[in-house]
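Shared chain: chain A. Partners: chain B in the first complex, chain C in the second.
Showing the complex of A and B:
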């Protein structure tokens, strides 16, 4: 997703390295009202890459807590779905042949 | 497709998982251990330092030797244990109670189990700072694996971020491997790890800068340096930035529990800061709200390997007992006694505080929301 830089001069800080989502993008979208992990996931693909949020969900939840003023214990994490690790589609296709 | 069946599936072959497997197999249960790495032992295999804690949990023994002790214990009841290394449990499907598993990236199969012990450990926590995506920024645990398991040094001069036990121990081990440690920065006003580890690196001339953090990494293609800064009471940067010459930045700011499978199994989860993240609620037997799932080790809250081993034993014992295998009377209380002893220190007080939030006396009393 492309977007204008709303805080010119700030340095790029990657929160989600898999999907290349920056802290600035996350803050901008939280300001626009996307203040849950699930919503940010849908607009930015944050946490949807190969590591499935293992690297970034914690940072994301902290940022949401800071911005919304809620304690982190009340920030809802993303729904966890299989697979926990990328699987080659060919492996799944082979499986159907049997 | 191939489906493997077992009585107890242990996910993770580290400190907690191996202890769980040993305990359950000794009680007579058939156990299958799935370990995503190429070898068993988890974090133990790279712990070249001697453990603290208590004698029951091998205090005074080096971590990788403890892994050997657990493996020989498992070997003594090997007819009950099936081990699958290089095997990741990729998912749990509650509609038919099936696990999907992948060996390497070549084999995909199913596993069915009567009881499951999730001992998946933890993942390294990262912090955001400019240029954190440059090559040369590592998790401290990753650096420890690189050096102590594969014999590869990460670079020449390291800035360590975090003065907990991992940051302190890895700093020392870097120096043992001939790598220079420029400084250790710690955001908190005090050292988080054991004093003895901090004293060791201070004696070697490494500064530990409290109330300091990394401000940004510097480099074009790779890390060539970093700016650090002092922090005020609210952990905000304050004052001048200082340049540190380094080619590696090591992040040791803590771990978070790895709990995907527990979430997929519908276990009631809770974010507990003292346990460092999202963990499953559990009773004294380490059983979760899904009666077929147990949790143990770092996956149930970040703590030392000594405690992980005892929790693993509790989970293994309880899973075997639930399947009807006779277990020694009073063993559960004995293990809880050991946990209490391990948690009697200052760090343990915080853990106990966290446990008070997640520990359930009777599942009947827990509401569904």
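Showing the complex of A and C:
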């Protein structure tokens, strides 16, 4: 689906740097009714990179609050998934080796 | 928020891939006034948590027929739905570790070949050409089907949803089914936490929750939730595991997504039967050991995330599709961990049946009463 330039200027602003998601894409999908963090995450992969949304989730929630008119406290963040920080497979596999 | 109306021609319960594809194909077959209800968000349950694999290498005739028909649809789905579904056909490489398993997989291959699925047995050397660096010296045989592979469950679901909306389907998220209206032996609609919707046809696509929905209409289906765990790495350069590497006895599946991250899973001991999508540290440790054993060069790659999801199991690991003892109350559930890959054909054949057309595949044997009659044959090719 081609992204129309509905939000001039925002196409150059990267909200999620891990997955390279722009503010333009986020605003376009919110307009299409994808107004939860969980759904935006699924359709755009925003917040699904190695940093796990540390950099972008707050910006995403703020944008959702702005566009939906809800206070930010009512915007549900995404589920937090382990590990807290990416871990090398080798390290995990060795943990209980004799 | 979509406009609320208290009547519909069809109500579909469940906003996973099965519900959404069924809605799309019903609309495409001319059905009007279709309402889909979802208690959470679209793709928030098993679909959005699945391993994303799609395959035709099955052990029962019905699963083979559904699998290959689904691949046929997947191959032209971008065009049909007007949005990319992230299809990547790197094949499925099945690994056997015993003579008995080799025999089962060979019989499966013969069945597949008889149904037009071009799977074949390959050597370790060929397996290494497909999956570079594969360390599987303890394996006794390999099977491969090049049209199997991967699609993006999120994008596939949303592509079906957007196409369904364009055809007039109404979708209510954050709307929970709390009751099924039944009168005179026929379904009359649904009760939700936002009000009643009267409808002459109701379809239960609630996945692992389908048994709870069925019970609201007094129907008992042998379907239960089984927790499975899965993890994904950071994206790395392609070529680490281009095919889906899978073993039923070895209890693993591993595949690098086109995006670069490697997704892998295994069944936990005991198959916890609960509705909690819990994760365990034992899983990432065990899975990491399996990864290093099979693909030693993954040692330095980092795990980014782990999660779990529910398989909506049936006793024979084949779906339940069709009408129930309550007239016009249909089921499309019990996909036993394979709902995503079968969804395109599952939605299509049920929609054809409901709109009075001859389904592409006769699915009458997937009637839920087969279990009571003792007519079910267990699918062997399952992790």
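Simple rule for what comes next: the second predicted complex is superposed on the first by the 83 of 98 C-alpha atoms of A that agree within 3 Å, B and C clash if a C-alpha of one lies under 4 Å from a C-alpha of the other, contacts with A are read in each partner's own complex, and residues count from 1 in each chain.
Basically, a residue touches a chain if its C-beta (ideal position, glycine included) is under 8 Å from a C-beta of that chain, and two chains touch if they have at least 3 such contacts.
Computed from a predicted structure; not experimentally measured.
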Message = After the overlay on chain A, what do you see for chain B versus chain C, clash or fit?
response = fit
Ask   = With the two structures laid over each other on chain A, which partner does A:36 touch: chain B (first), chain C (second), both, or neither?
value = second
Request  = For A:89, select first, second, both or neither according to whether it touches chain B, chain C, the two together, or no partner.
outcome  = second
Message = Taking the superposition on A as described, I'd like to know which of chain B and chain C A:12 touches: first, second, both or neither.
response = first
Ask   = When the two structures are overlaid on chain A, which partner does A:23 contact: first (chain B), second (chain C), both, or neither?
value = first
Task = Could you look at A:52 and tell me whether it touches chain B, chain C, both or neither (first, second, both, neither)?
result = both
Key: First (chain B), second (chain C), both or neither touched by A:77   = first
Task = Report the closest approach of chain B and chain C over their C-alpha atoms in the superposed model, as a whole number of Å.
result = 6
Ask   = Once the complexes are superposed, what residues of chain A are shared between the chain B interface and the chain C interface?
value = 52, 79, 81-83, 87-88, 92, 95
Remark   = In the complex, the residues of chain A that touch chain C are 1, 32-33, 36, 38-39, 42-43, 45, 48-50, 52, 79, 81-83, 86-90, 92-93, 95-96
In the complex with chain B, residue positions of chain A that touch it = 11-15, 17, 23, 52, 54-56, 58-59, 61, 72-73, 75, 77, 79-85, 87-88, 91-92, 94-95, 98
Remark   = Interface with chain A, chain B side, in the complex: residues 1, 36, 88-93, 100, 102, 105-108, 123, 125-133, 216, 256, 258-261, 263-264, 269-273, 277-278
Remark   = In the complex, chain C touches chain A at residues 2, 40-44, 48, 82-84, 154-155, 157-158, 162, 233-235, 259, 279, 281, 284-285, 288-289, 291-292, 298-307
